[in-house]
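So, here's a batch of structures to check.
In the two assemblies presented below, chain A is common to both, partnered first by chain B and then by chain C.
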Partner chain A sequence: MMLPSLLILAAISLAPFFYMIWMSFHNMSLLGGAGITSSWNGGANWSRMFTDPAVGQGWLAMLIYFVATVGLELVLGVGVALLVFELVWGRNLALSFILMPMFIAPVIVGLLGRYLVNSSYGLYAWALRQTGVYGGAIFSHPVPAFVSVVLMDVWEWTPLIALITLAGLVSISPQLLEAATVDGARYRQRLRHVILPSLTGVLVIALLVRSMDALRYFSTIWLSTDGGPGNATKIIPLRLYEVAFRFFHLGYAATIGLVMLAVSILLANAFLRVLRAPKAQS
Partner chain B sequence: MSNLLDSLRAVGGKRLRNLLVVVVLLWTLIPIAWMVLSSFKNPVDVVSSKPLVTFHPTLANYRLIFSGSNNLWPYIRSSVVAAGVSSLAATALGSLAGYGLARSTWRGRNHVAFWIISTRMAPIAAVILPLFVGFSVLHLINTIWALIIAYLSFNLPFAIWIMEAFFAEMPAGIEEAARVDGALRFQTFRRIALPLVTPGLVTTAILCLVFAWNDYAFAATFTGPGSQTLPVAASQLITETGVNWGELTAIGTIVALPMVVVGLAVRRYLVRGLTFGAISGE
Partner chain C sequence: MEKSSALSRRGFLGLAAGGMAGAVAGLGGCGSSTGTSGRSTAGRNKWRQLAGAKITFISENTSPTSAIAVNLSPFQDLTGIDVSIEQLELSSMAQRVALDFGSHGGEYHVIYADPNQVLAPLNHGFVELHKFIDDPSLPSVPRGIGDFVPVQLHAAGYFQKRLLALPYDCPTIIWCYRKDLFDKYRTRMRRDLGYDPTPSVTKTWEQYFQIARWFDDHQNDVPYGDGHMAKQYDSLMCDFSTVLWAYGGDYFHHGQHIGAWGAVDPGPCTLGRPEAIRAAAFYQRLVAKANPGSTSWDWNDLAEAFGNGQCAMCPEFHEDAAGWETGPLKGKVGFSPLPRGPVRSANIYGGTGLGVSRYASEEQQRAAWLFILWATSPQAQVLDLESSVGGGTPTRTSVYRQPNVVRNMHPPSKMPNLLAYHAVSEAWKPQNVGLRPKIPSWNQVDTVIYTELSQMLTSGKSPEAAMTDAAREIDQATKGQASAI
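After this line comes the complex of A and B, so read on.
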């Protein structure tokens, strides 16, 4: 019963993977349109990659972006879930509204962000100017540009963490919470000693799921700052895309891609290990 | 006395919580509302230096994108076909394979499961390269088939995992009874197992649809005139001479609205779907 799917997956994922390894040892370029030429160049792509400052910069931007987005989403997502969980009235309605950004295409989020922070007619740029927080052109300066691409991602994906956390909150036994309340524990104490410890398993899964997607998507940045200003927001997938489809160095791009793949495989491995651990969650 | 203080604090806490919920809702909804509002603005209002909340609404943007030689219909058709076909194929193949995986006990099962999930986690920027070369060689570039196959590369592993989780939860006893009655394996699957996981099938199909519909990176790389999807149409409104924000927000609304609706329709099963079955949710 698994055969058809496994054959298809082998054709569209396993074969491409081995082909990428082959590509990484070749000098492949794309000649205007369909023509692709390739010649063996040994480990040149690999040695080039390890000394390429642009690639190093891409990974650094990726690391900062990753820590900032996933960190903020985790903290805010748990916060939002706790808020929604305590809602007596309108909980389902509030949750439905809060989940909306998740379903909006990352491209649209990027374009919308670009519109909102435009220095001459953007709503958020206007609000920041009026309140005296920031008056410059947001995408023209590295730090404001970076902050805005981080916030776009936070806007879109915090709901996912909130949703997963809420599922964890719902599954905490009411008796446990009640017992803590009867014992006179304040909200903060209950949070620290009862609620958060019970959420650990769920939060690890939320973190891993989010981390894997954080590596996958790059369209939001692509369509907003396009890696700019300069290379300030050029995370590694954007750099890879540029190497492949702007400079047409497919072999070198494959080398960068293999390292990204290795990172995602490590994350998937961690995810599985958490899943297979003695059922602490769900 | 201390009781009184406590209840006062409780009332204050409740106020604060409600206030925070309002802040979260505003942060979430303002960009969406602004996009929808802007899509009803005329070209002057949409780039007004002072944001306009009251204005004369117009349908001109929608009328424009649906008329003329370069109208939106072909893009909509490509989006519907690419996302729809890949979602249905992934759900059909994925439920078969998911069933097989859930009922299999052979050694190496975990390795296959790991391979499947790591396929889903692979960074899109990396996957694009070998697929691009493969599609070029097979002359699939600029056809809708390229997109359908590319979307299967992430939707099929996703569908297998989720369906596996749904089948694994189903008591095996029911199927054994059918087996004893002499039903073949496929019959047991079709007649007994499949109807019991209808919510799983619907959730899988919808989430696959959302992932494919919202893709930009594959669509921007593999399609040409005739197979371009809605996110590509949106990105094309960004030109050297400026951005037509009225039409762009109109397309944004058209891209976002259906996915928000179908996504929220399966809200009960979202947690399970989006954590690859790791957390069962409500």
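After this line comes the complex of A and C, so read on.
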């Protein structure tokens, strides 16, 4: 009975995928304006991609960006969730404020960031200058620019980690925590031996969700730094966008996109393996 | 060119809405073969022949298009044609057009044809305009195509001898400076520098640098002497190009000819030559001492920074003049062509034309042509000037000769963009204008240029390495390969 729906869904999902694979073996371009030009080039796009220093640089920037954002979001998100969990009064109100950044479109976050750190009128730039923390133009230098885009992402998506973690915290058996308290365990010991192990599955899911997003991240960086300065913030999704929609090299872009898909699948599988491991042991 | 004004357009839109009706009567008689205004029935019929047609105009989000978009009724009254307008950021607009042309969809009929990012890469998607110009059943071009400023008609309109667009806007980078500060410190500067510092086309880039440093060291009215649009973006390429050409360098052999007429294969890149490397070395030195925000500013950011008193002078698009005249710098800004290098002064032209999509139906193409005639007409361009915050300046020579326009070329002016006219008219002369290569692979070439320059400015890459790497990457790009940048 479900077969027709499944067939349609498969067609919608799989047809573009197979077409992308086909594209990756062709020189396809929109240049000229007379239509899409296409010619078989064997594996030239693939060999090009694995030797392209710009793609390599994009993946390196992506790796650093991924580790920094997801790592910070995990630590901060768990910290915020633990704090909110301890609230006796006003937990819902606190949660409402904490979750607000998550509901802002990434495009707006990018624009906000761009204006707030603008060296001539940005509020954050002014505050950093006045406090002596940083007096330079933030987006003018590679490291401060990179830190800024990481922080924008962390600001926006830490609430998601906090929310998922909080859901895990409320599902921990209160009796377990009480028993640990009765046995004399201090908070740090309860956290390390009871709470965090109970949250493992939830945290893996949070990391999985966030990782899939982080690998495709585009809007905030595109609107704030355009991948600069000096390509410092040009992570691989920006490179893909450029190749496809600025240079109009669709075949090469398909190749880069397929590799991004493969990396996403490998990463997702790694997380799922971690998620399944405790069950296997038990 | 990404030139959306950061200022309120309320006054402009109101004036445009009220005044556009005047354009209706004038254009109604422009259907005669002589192209002169009149009220002939035959002329009006030519404008009404496509009544009921529906067309879509896709444009960058610029002030001239915003003014047209707020009130299309004058055009609709004149022609009976229904126009919907989509305004987007330039690169998004270019994508949409590329995809529409690639699919032969014909969704867009009037195209904002940026000569480098749209017209050249997608040139086969445009209709050759002589198809309409030579058609006696259609209104003729008001005052003829010879009325357009010649360099603009070539740069914005042609690709390889085919006329594909009519000039619509003409932002040009010139030297913008705080006249009040130069007046205040002129005597001291003359004594310290040994020459009159007043900006002019006879000044050199080295003198520009000295003047900027003088401001850095001898006054507190502004924090820095100069600022630049040196963000890793098209703006950086524009800013650097003015220096490159001034030093005798270029992107290709016969680069200015390629900029005027376009080429499919521009030949080998010439950025590795000594004059280009010298230009890059000077540019690195120039930006290193400028306002530190320069490497994060595009042209809009720079205009805002200059308007906020962050620097005493800057190379900037002249159409920002109107915006500065409504803020705290009213009456305080002067304009000059850019300084010269060892070879010449080079003022980059960033204008755009309007073209017709060949994937539109025959009826839609003709309707699109009528829209282009109207939008680029002298009447429409004067109305654009008359706004209190007008963002565009005319592309037609006849408009600059009208008494009302001439009167407003000096302060106090009701047409603030004209305050830069004397500087830009000098800048548009063939010996002073700078034209970017009009080639199909320009988007990729542009990315190579500004990426290498950004690395030179922010990551310590040497000018020689930046230029030679850029030349190598550009040669790959022009051969149709995705470059490694």
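Details
We take it that the second predicted complex is superposed on the first by the 254 of 282 C-alpha atoms of A that agree within 3 Å, B and C clash if a C-alpha of one lies under 4 Å from a C-alpha of the other, contacts with A are read in each partner's own complex, and residues count from 1 in each chain.
Heads up, the rule we're going with is that a contact is a pair of C-beta atoms (placed from the backbone, for glycine too) under 8 Å apart; a residue touches a chain by one contact, two chains touch by 3 or more.
None of the values given here were measured: they were computed from a predicted structure.
Once the two complexes are laid over each other on the shared chain, residue contacts for A:Ser120 go to chain B and to chain C alike.
Of the two partner chains placed around the shared chain by superposition, chain C is the only one that A:Ser140 touches, whereas chain B remains out of contact. Once chain A of one complex is fitted onto chain A of the other, the partner contacts of A:Phe245 extend to both chain B and chain C. Taking chain B and chain C in turn and counting the residues of chain A each one touches, the greater count comes from B.
In the superposition on chain A, A:Leu275 contacts chain B only, with no contact to chain C. Of the two partner chains placed by superposition, only chain B is touched by A:Pro106; chain C is not. In the superposed model, A:Val209 makes contact with chain B only, not with chain C. In the superposed model, A:Met1 lies in contact with chain B only, and not with chain C. In the superposition on chain A, A:Ala167 contacts chain B only, with no contact to chain C. Residue overlap on chain A between the chain B contacts of one complex and the chain C contacts of the other covers 34, 36, 120-121, 245.
Residues 27, 29-36, 48, 52-55, 118-121, 136-142, 145, 225-232, 242-243, 245-249, 252 of chain A are the ones touching chain C in the complex. Considering their complex, residues 91, 94-95, 98-99, 101-104, 121-126, 231-233, 291-296, 301, 304-305, 308, 310, 440-441, 443-444, 447, 451, 454-455, 457-459, 461, 477, 480-485 of chain C touch chain A. On the chain A side of its complex with chain B, the touching residues are 1-2, 4-6, 8-9, 12-17, 19-20, 23, 28, 34, 36, 79-80, 83-84, 86-87, 94-108, 111-116, 120-121, 123, 126, 155, 159-160, 163-164, 166-168, 170, 187, 202, 205-206, 209, 212, 215-219, 222-223, 236-238, 240-241, 244-245, 250, 253-254, 256-258, 260-261, 264-265, 267-269, 271-272, 274-276, 281-282. Against chain A, in their complex, chain B makes its touches with residues 13, 17, 20-21, 24-25, 27-32, 34-35, 38, 46-51, 93-94, 96-97, 99-101, 104, 110, 112-119, 121-134, 136, 141, 149-150, 152-153, 156-157, 160, 185-186, 189, 210, 213-217, 221, 231, 234-235, 238, 243, 245, 248-249, 252, 255-256, 259-260, 263-264, 267, 270-271, 274-276, 278-282.
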